[in-house]
Each structure stands twice: as structure tokens, then as C-alpha cells.
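Multiple structures are listed underneath, in C-alpha cells.
Next, two complexes with chain A in common: one pairs it with chain B, the other with chain C.
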Partner chain A sequence: MQLLITILLDGLTYASYLFIVSVGLTIVFGVLKILNVAHGAFYAWGAYASAYAITYASDMEYADWIGFVCIFLAAAAVGLVLGMIIERVILRHMYAQDEVLIALATFGIFLILEDVILLVFGVNPYFAYQPMALLGRIPVGGISRDVYSFTLMALACIVAFSCWWGLTRTKWGKLISVVIYDREISQAMGINVSMVYLIVFVIGAGLGALGGAYVAPTLSVAPGFGIDVIVLSFAVVVIGGMGSIPGALIGALMVGILRAVAVHKMPELELFVVFAVMAGVLIIRPEGLFAPAKARTI
Partner chain B sequence: MRKQFTYKALRSAAIASAVAAAAMTGATAQAKDTIKVGVVSFLTGPAAGPFGVPGKNGAELIIDAINKGELPAPYNTKGFAGATMDPVYTDEAGGNSKQVAEYRNLVEKQNVDALIGYISSGSCMAMAPVAEELQKLTIMSVCGTPRLFEEKLRSVVFRTQGNAVGDSIAAARYMTEMFPDLKTYTGINQNYAWGQDSWKFYSLAMAKLDPASKASSNPQFPKIFSGQYSAEISTLSLDKAKVVHSSFWDGDIEAFVLQALVRGFFEDKKFVSVVGASAVDSLGKKFPKGVVMGTRGPYGLLTRFDRSRPLNNWFVDSYKARYGVYPTGPSYQYAKAVLYYKLGMDKAAAMAGKFPTQDEVVAALKGMEFESFGGSVKMALGGGHQAIHEVGYGITTWDKEKKAPSATDVKFYSAECINPPEGTLAADWLEQGMPGAKC
Partner chain C sequence: MLQILRSDKTVRWTLFGFFVLAIAGNFMPTWVQNNLMFGMARGLAVLGLMVLWRTGLISFGHALYFGIGAYAVALADKHFGVSDIFVRLILAMGAAGFVGLCLGFILRKYRSIFFAMLSLAFSMVLYGVLVKVEALGSTDGFSVSATSILGWTPESKYTLFCAIIVACATSACMVQYYLKTGLGALTTAIRDNELRVEYLGYSVAKAIHFKYIISAALAGASGAMMAMALGQVDPDSMVNWTVSGELVFITVMAGPGSVIAPFIGGVVFEFLRTYAFELAPHAWQLIVGGTLLAIIFFLPMGLWSLLERIWVRKGSSS
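Right after this comes the complex of A and B.
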């Protein structure tokens, strides 16, 4: 029982992290049909901005809880600034191009943003542990766990609920659904598709940045931060179905739980398990578990 | 007349050929004002901050000092066999395929005279065959897998850093001497050559030094640079083992410490870190006290304030003055490799009576013994290509007076105590109970 609780909590912690970083990727793909490789850079920029702000606040001897404010402000700032610049300056001129070309362009953006990180923040790692240290630890299942990981789970739940509510219960959500269904008809009906694209891209970038900003206190924030996460995010999104938010949630849960099982029972399979799940799902359902239905155009 | 002409023509041609051949041969041995050397370390990626940049800084500091003849005696002769070194700093990040291309670029396009560097054991294992193929002198400075010379003898590849065998045996000796009651151990090591070798040799050494000790059946091998260790920390916490061995380095050790610290991990387990001293410096006061810490040699944390000798004092003071921080293990290791190259060049030049060829430098480097910053180094293994030196461990603490991290209960183990004799495989030597070890 003790082991079961531990595996479950470890799996949920990792799944929460995976969901937050991959949901932005799947939203952007669902609406804009862009495989956004630059998502890893948003994650890295979010982490750096957050770590920098938390470290600065700590140096200025502000209260440790200010670190949480820094996390959300950093994510919002990165999503807004980078998201707007990239969508308005680069991507809006490429929507008519082939999807592969756009993916390559986002790969280029990713590389540029990674190098700009070196110019802005240098190569030395940042340690922004204050928010995690502030919350301390609690005993669960016979071992100590950091409270911060529970807040990560709560944040993942809030993000999932917000996405569901935003898409199904708001006017903007309905507009987005219409644009996903048919861009040209939406435009003909008077919907400002360009604005929808901008808003969705900024939200996607902000979610990527939020993932980085929130995990920054648990890590050594160092160059190359966004490379691994983009691979993991793609795996999660492919498992769940490109463009599906419930798919990203289920994909993250599958990968998180199975990885935790592997770490506890067969550590040598830890590296293998993420991609084994992806391969298994693709064999059975090549479009992923929850790929949205495509409209037939005549 | 015609015969005489032909004879003269042939003689002229022969003389011309001989002069040309002599000129071509002499070209490699002519005195040079400048030599070009590739210095490879992580300049980007997660290993850049804790390892690559301190390593590059260590190399840069000593190259400048040697070029100006400013090293303390007896190393105060100017240059490398009189030549000034022009370093070409190159990034080790990007994977082995990229590194092979970079190596070829340095040798074939930039015409470097030698290469110094490489931190990752993966890089060293990938570069050694390329160095042998291109026959370019390469001095590896940090990487630790013993496979580099145990699997094959090399002709132009040297390593001035002791390997994982010495680091692991020293760790096991320290634990059995200092904590004889802690009989059970597990580990968390990165899943590649360095991590696997470290765990293998630590386990073998523990089994021989303390037959009553018991290894966990569930040691952890996460992917290098993975960064998230929540599940691994849970697994280690649930494990009954009292000791946790780790050869984590780069940003991984820092991330692990941050995540484990908040969970009280270091209060429950005795953590043995083979090479985590860079994290002690970077995390400062935040780094937990009571961790058994190694530095892979007489470097950094363990010798910073205690090993007073002109060369070490000069290095610590000059490094602190130039970069604003204390030198860490990689700084020492890169500086040591550069110093070794200088000594080889100078020795070869003295023996040859002229600017040395690569073959003469290689002959001079082979089997050399020299005094480095923290202690002596003997190129005693791998046919005189692999260094052995003392390795120490201590227990982390915070020095309130100096306001800097420090270590207590520091113990050093001599090179002959923790390394097999030449020609013996480390695993076989350990299985036999380390015969002939001089402790």
C-alpha cells in the first residue's frame, strides 16, 4: 500500500508537469495546425524569467511568498511578449505555407531563442528554490514529500479545468471551435480569425512558459533547458492525439504513472517507457487516443 | 658529353630532392612562434555553468600565464617549448556526432597542433578513435571512464585525470573507515559510461572492503540531464539502505540536491557524492551539511585552504582575482592538462635540441611524473598514457569565518592505494582483493 501510494503520487507529480508543458503545444496545433517546436523555448524562457525574478526578490529580501507572484508574472510576461512577437512578426506571414515549412521555421525560432538565453542570462545556473523551501514537506505513505509538488498537481487541475471551461463555456471558446472547424467559413461569417490565432498562440506560449516558470524552483535552471521537454511534450501530445486537450491529459497521466512504476520496479526501463507507450498507442491508433474528429470539406 | 649531362642532371635532381625532403621534414620541427591548440569544454548546455566554463577558465588562466612566463618556479619558463599558445575554444555540447565533426574541423581545417579537454566520458570514448585515426595528440582532462585505456591502448591519446576506479575505491575506503556501521547502500547514477562504471566499481570495492555490506537491488540510473528526480528520491527514500552513492555531476547534482533537500532526504540517508563539489560551491550555504564529498583529486573544496604550496596558492589567488570565484575541480583539471602539455613540449625540446615534433612530444609525455597544483601526478597506466594520483573525500560543512563552503574529516588515499598496477584490469584487481595496494 505504501509503495502504491508513492508510485501514484510520483506518477501524478510527473504527469502534472507533463500536462502543463504539453497542453500549450496541443492547443496551438489544434487551432493553428502548427507543430510548434519553439514551445521548448517558451518553457525555457519561462523558467529563466521566473528564476531570475525569484532570485532578485530574494536578494532584495522580499518575503518568500513573493516568489509565487514572480512565477505567474514571469509566465504571463514571456507568453505575452514572445508569443505576440513570434505570431505577428513571423508566423502570420507563413500560414499559407506548407506545415513542414512552418515546423522548420519554429525550429529556427527555437534555436535562436535558446542562444538569446545565453546572451541574456549567461551560462551559470540559477537556483530559485525559495518557493519550494517555503512550503516545506509533509509525510505521506511513509516518506517525506515536498508540498510544492502537490501545488503542481493543483495547478495542472486548474489549467485543465480552465481550458475545458474556456473552450466550452465562453464566447471566445466557441469562436475558437468554429475557427478549428473551418477557417474560411469563419472568416466569411465575420470572425476575426487573425485575432483568434494571435490569442491562441499567446495562450499556448504562456502555458509553455508557465510550465517552465513553475518547475524552475525545483531545478538548476541552466542552458539547454528546453530541449528535453519538447521531446517529452511531443510524445505526450502524440499519445493523446494532436490537438486534443483531454488527450494531452490522458497522455500525461499514462506516461507519468508508467514512468513512476518503472522507476520503482524496473529502473532500467525508465528511459524506454515513455516512447514504448507512444509506439504502442500509434500502432493501435495512429491518430492518437483522442484525436479530434476532422470535418469533411466538399 | 651526353652521358656526362645525364649524370649531372641526375645528381642535381637527387640533391634537389634531398634538400626538398629535408626542408619538408624540418618544417615540422622548425621553431615556432605560435602553436594552435583546440581546448574543448561545454560552453553551452547544462554542463557549461558547473563544469565547462570553470574548466575553460582554468585553461585560459594558465595558458596566459605560461605564454607570459608568469607561473611560479619551476614552471616559469616562457611558452610551450618557447612558442606562444593560441587556444581555439570549442563547445563540447551537441552530442558525439557533432563532436567528431568539430574534432575533424580543428585538425584538418584549423590545423591545430594538439587538443586538450573533454569532460564527458561519452565524448572521450567517441573522440579517442578519431584522434588515433588522425594521429593528433589529444590530452583528455576530465572524463572518468576506465574503459578509455582498459579496452585499448592508445598512441596519441593521454588523460591527466584519474579514472572512476580510483574515485570509487577511495569512496568505499572512506565509508568503511568513517562509517563502519552503515552496511547497506544504494545509488543514483546517470545512465551512461561514467555513471555505470562509478556504481560498478564502488559496489565491487565495498564488497571486498566490507564483506558484510549489502548493495540494494534497486539502484537508480536516470537519464543524464533529466532534471526531475521526484520518483527516484521516493524510491531511494523507501529503500532500507542507509548510504546513497552518486556520481551525478553538472546541473543534475544541483537539481537532485534541491529536490531532495526539501524532502529531508539528507537527514535520513548518508549521501556519498563522487564529484558533486561544484554544487557545494554553486549552492553555497544552501548545500546540506554532512554529505560525504569527493573532488576526484586534490582539488577545490578539499585543498582550497589547507594545501599551501606556491603553485596551488598562485592558482587559487589568480583564479579568484580574475573570475571572482574559487576554482573548482574542472578548473584544476583543465589547468593540469595544459601544464602537462607544457612539460611535455619543454622536455621534448630539451631532449631533441630543437622545436619538437609530435612524436617527440608524445615520447616525452609517456610515463611522465610531475607536480601539479594540488599534488603529484604519475602517468602510470595505459602504457604511460593514463594518470593516477591521490583522491580525497571529506564531509561538507559551512565555514562561518571564511563565509565559504568547506570540508571536515578530509582523508586522502594515495594513487597506489586506489589504482590497480599497470597491465591489470580494474575489475579483476578488485575481485582479487586489490593485491599490492599501498595504503
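Right after this comes the complex of A and C.
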């Protein structure tokens, strides 16, 4: 019973952070049709920025809750600055190219950003444990667990809800679905498509950074931070269906729980399970389990 | 076959170039020799990727075959003491080719981003297994003992250098021959219009499948060469997705123009990395990534197109 609870909570925690990262990736793919390898770099940047800000705040002996403000500020700053620069300077000129070639270009951006991290933040790892220590631990079913991981789950729920609400209940959401449906027609109807692209990319980058920023306190933030995350979130996005937000949710839950089961029961299979499921889904349903229905254009 | 090869200009130039390189290698300092060796070995995998790319397919998972080749060499060495270069190469190419044959049945139906993603998934499955299983060396990998040729174990690495060059020259000529045959010529045609190719009476799936097997076997050979040249295999530098990324990067950098281009690309990449690493140890990826972007933007047909342009200009002025 205790093992079951542990597996479930570990799985959910892991799924929450995977979801936050992957939802950014899937939104960008859904709208811009870009498979963004650089997303892993946004994640790493978010983690570094928040860890740096938190350590700085605690060195200045600000109140501990400032750490949480730091996390969100860091994510927003990374999303805005990096997202804007990359979309405006590089990706904008590539939309006419082949999808896979754009993916390769984002791989180049990924390599560049990885090293700029080292140049800006140095090679030593950061430990920004303060926000996690502030919340303490509570016993759940006889096992003591961090409160912080529960706030992570709550954050994932908030992100999921705001994405759903934003896309279905606001004017901007409508505009975005129109652009997904048919880019040319929406441009002809007077929608500023290039602006929509920019905003969506910034939001996607910000979500990737938020994922990194929020898990930074639970890990040591060290070089090579984004390499594993990017393929894992690819797996999540592919399982759920590229471009689908509910798909990202289901995919993240599947990957998170499967991985937690594997870690506790058969540690050798930890990574194998995730990618075997990814390959299996691609073989059986290439569009993913919950792909949005394709719009028919003439 | 010989008739075609003898009359082909590219083949003659390839053989000549590799011959000169093999002789020049003897007089080079060790680090240059090593870099050339790594670049050539990588070029083999890139040659296979180039064949796929001409068909319009980019695989983000060829580290799978690269890794299979490298690990075939390492495992055969560890368990059976196989050190002969021919046996090693045949094992590596056989294993990679067989896996390519099996996975090809699935992959030949996929195009563009789905092809890239599914091959990525397959390669990461292998990575996941290798990293976690103790019997397969886990994250540390294995060391590979020195290579012998028909029972003779050479002392310097120059012999291996020559062996790699011979293998590269042979593969380049064979691929050149293959691209001239009917099935092999179905590259750009498939990329441009699959339906028409089908109407002409060819099976697109079979053509792609065969090219996929070729590229898998070449990547296997490339991994085996790399394992022998480095004397070491490990998952992170042989099977992780970044390796696939590097291979695709070299493919795009070299360009699809010629069968020699992949080897030039491989060598340029190796030197670029060495120099970038020396110039800025913490920023070599920055230089490599910047080069990649620059090539995608300014040289979409790769370094080969640059060489070609110089060639043509020289030809027209004289």
C-alpha cells in the first residue's frame, strides 16, 4: 500500500512537471508547426535563472517567500527575452522551409543556448533549496513527503486550466484556433498572423522555462540540464498527439506513472518503458492517441 | 558494374583523393591523423543519411545503428575476443543492417516529421536499455581492445587509418554505383512526387526500405570504425539523441551533392569541433550550433555546393 502511494505520488509529481514543459512544446507545434528542439534550452534557462535569482534573494536575506516570486519572474523573463529574440530573428525567416529542416535549425539554437548558459552562469551547479525548505514536509499515508511537490501538481492543474480557458473562452484563443485551421485565409481576413505566432512562441517558451524554474529548487541545476528533458517531452507530446493540449496531459500522466512504476519495480526499464510506449503509439496511431481532428482544406 | 565504375568521373576522383590521403596520413602528426580517422568514420554514417536525405527523409535516430555497430564490436570483443577488423565490420554491418531491415518494414510508411520522430523513439529505446543494464556496460560502456588484421596486430594507428580509408573509398564507390542504378536513381523523384513514381511502376515503399537498410548498414560500419578508433564505447557519446543530431548536422553541412561530400563534412566537423574546443572550451557547442544555423541560412545545399561553385567558375574562366 505504501509503495503504491509512493509510486502514485512520484508519478504525479513527475507528470506535473513534464506536463508544464510539454504543453509549451505542443502549443508551439500546433500553431507554428515547429518541432522545437530548443525547448530543452528554455527549460534549462528557466531553471538557471530561477536558481540564480533564488540564491541571490537568500544571500540578500529577503523573506523566503520571495523565492516563489523569483521562480515566476525568471520564467516570464526567459520566455519573453529568449522567445522573442529567437522567433523574430531566426525562426521567422524559416517558416517556408521543410519541417524537419526547421527542427534541425532549432537543434542549432539548442546548442548555442546551452553554451550561453555556461558563459552566463558558469559551470558550477546551483542549489536553490530555499523554497522547498520553506514549505517543509507532511506525512501522507505514513510517508513523509515534500509539500513543494504538491504545489507543483497544483501549478500543473492551473496551467492546464488556463490553457483550456485561454484557448476556448477568450478572443485570443479563437484567433489562435483560426490560425491553426488555415493560416492563409486568416491572414486574408485581417488577422495579424505574425503577431499570433510571436505570442504563441513566447507563451510556449515561457511554459518551458516555467517547468525548469519550478523544478530547479528540487534538483541541483548543472550543465546538460536540458538534454534529457527534451526527448522526454517529445515522448509526451507524441504519445498524446502533437499539437493537442489534452493529449499532452494524458501523455504526461502516462509517462510519469509508467516511469514511477519502473523506477520502483524494475529500475533497468526506466527509460526503456517511456520510449517503447512512444514508438508503440507512433506505430499504431502516428497522430498520437488524442490528436485533434485535421481540418480539411481544399 | 566495373564498366560503370571505370567510366565514372566521381569514382576516379574519389579513389585518387583517398589514395593521396592514405599516403599523406603517414606524414601527419597523430592528432591530425586521429581527427581524420574520426571524421572519415563519421562520414560513413553520413553517406547513408545523405542517400535518405536525397529521398526527402531525415532520420533523427541513426545513432541507433551507429550504436549497434559500436556495441557489436565491443560485445564481440568482450565475450568472444574477436579483434579481427573484417569480422568486426561484418558483425557490425550485419547487426545494423538486420535491425534496419526489420524496422524498415514499419518506417517505410512514414514521412517527414513522423519518420524523424519514430526513428528517434527507436534509437532512444536502445539508449534506455544500454544506460540501465549493467551487463551492457551501463553509462560507463566498455573498452575495445586493439584491432588486428588477419592475425597481425599492428603497433601504430596508421594501419587502422588506412583501413578506414579503404572502407570509406569502397563504400563511396558502391553508393555511387547504387545511385546510378534504376532503383538507386529513385531519390529526388520520390521526394518530388511519390504518386508519379508509383504510376511509373516502381514501389516507393520498397525503394525507401532498401535505402534505409543501406543507410543502417553504413551507420553500423561507421559506429564500428568509431569504436575501433576510440578504443571505447559508451551510450552518451554513441547512442544518445545528440549523436543523431550531430550526424544529421554533418549531412546538412556537407550537402547532398556528391558521395565525397559526407567525408569532407565529417572531417570539417571534426576539425571544427577540435578548434572550437581549443578556442573556447565552454563555448564549442556555441560555435558548432552557430555554424549549423549559418549553413542552413546561407548554404542550403551545403559545403559541397560551395566547392562546386568554385569549380564551375574556374572551369568557365579558363
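Keep this in mind: the second predicted complex is superposed on the first by the 298 of 298 C-alpha atoms of A that agree within 3 Å, B and C clash if a C-alpha of one lies under 4 Å from a C-alpha of the other, contacts with A are read in each partner's own complex, and residues count from 1 in each chain.
In this text, a residue touches a chain if its C-beta (ideal position, glycine included) is under 8 Å from a C-beta of that chain, and two chains touch if they have at least 3 such contacts.
Note that the structure is predicted; figures quoted are calculated from it, not measured.
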{"item": "Chain A as common anchor, with chain B and chain C clashing or fitting", "value": "clash"}
{"item": "Contacts of A:T13 with chain B and chain C, given as first, second, both or neither", "value": "first"}
{"item": "Which superposed partner A:L289 touches (first chain B, second chain C, both, neither)", "value": "neither"}
{"item": "Chain B versus chain C as contact partner of A:Q2, first or second or both or neither", "value": "first"}
{"item": "Touching partner for A:S220 - first (chain B), second (chain C), both, neither", "value": "first"}
{"item": "First (chain B), second (chain C), both or neither touched by A:S144", "value": "first"}
{"item": "Which of chain B and chain C A:A105 touches, first, second, both or neither", "value": "second"}
{"item": "Which superposed partner A:F272 touches (first chain B, second chain C, both, neither)", "value": "second"}
{"item": "Partner chain in contact with A:M153 - chain B first, chain C second, else both or neither", "value": "neither"}
{"item": "Which of chain B and chain C A:L80 touches, first, second, both or neither", "value": "neither"}
{"item": "Interface residues of chain A shared between complexes with chain B and chain C", "value": "118, 123, 267-268, 270-271"}
{"item": "Touching residues on chain A, where the partner in the complex is chain B", "value": "2-3, 6-7, 9-11, 13-14, 17, 118, 123-125, 127, 129, 132-133, 136-137, 142-146, 148-149, 215, 217-220, 222-225, 228, 259-260, 263-264, 267-268, 270-271"}
{"item": "Of all residues in chain A, those that touch chain C in their complex", "value": "35, 37, 90, 93-94, 98-101, 103-105, 107-112, 114-116, 118-119, 123, 227, 230-231, 234-235, 238, 242, 267-276, 278-279, 282-283, 286"}
{"item": "Complex contact set, residues of chain B against chain A", "value": "43-46, 48-50, 52-53, 93, 191, 218-223, 225-228, 230-232, 234-235, 237-238, 250-252, 254-255, 258-259, 261-265, 282-283, 286"}
{"item": "Residue numbers on chain C that touch chain A, as the complex places them", "value": "58, 60, 106, 110, 112-114, 116-118, 120-122, 124-125, 127-129, 131-133, 240-242, 245, 248-249, 252, 282-286, 288-290, 292-293, 296-297"}
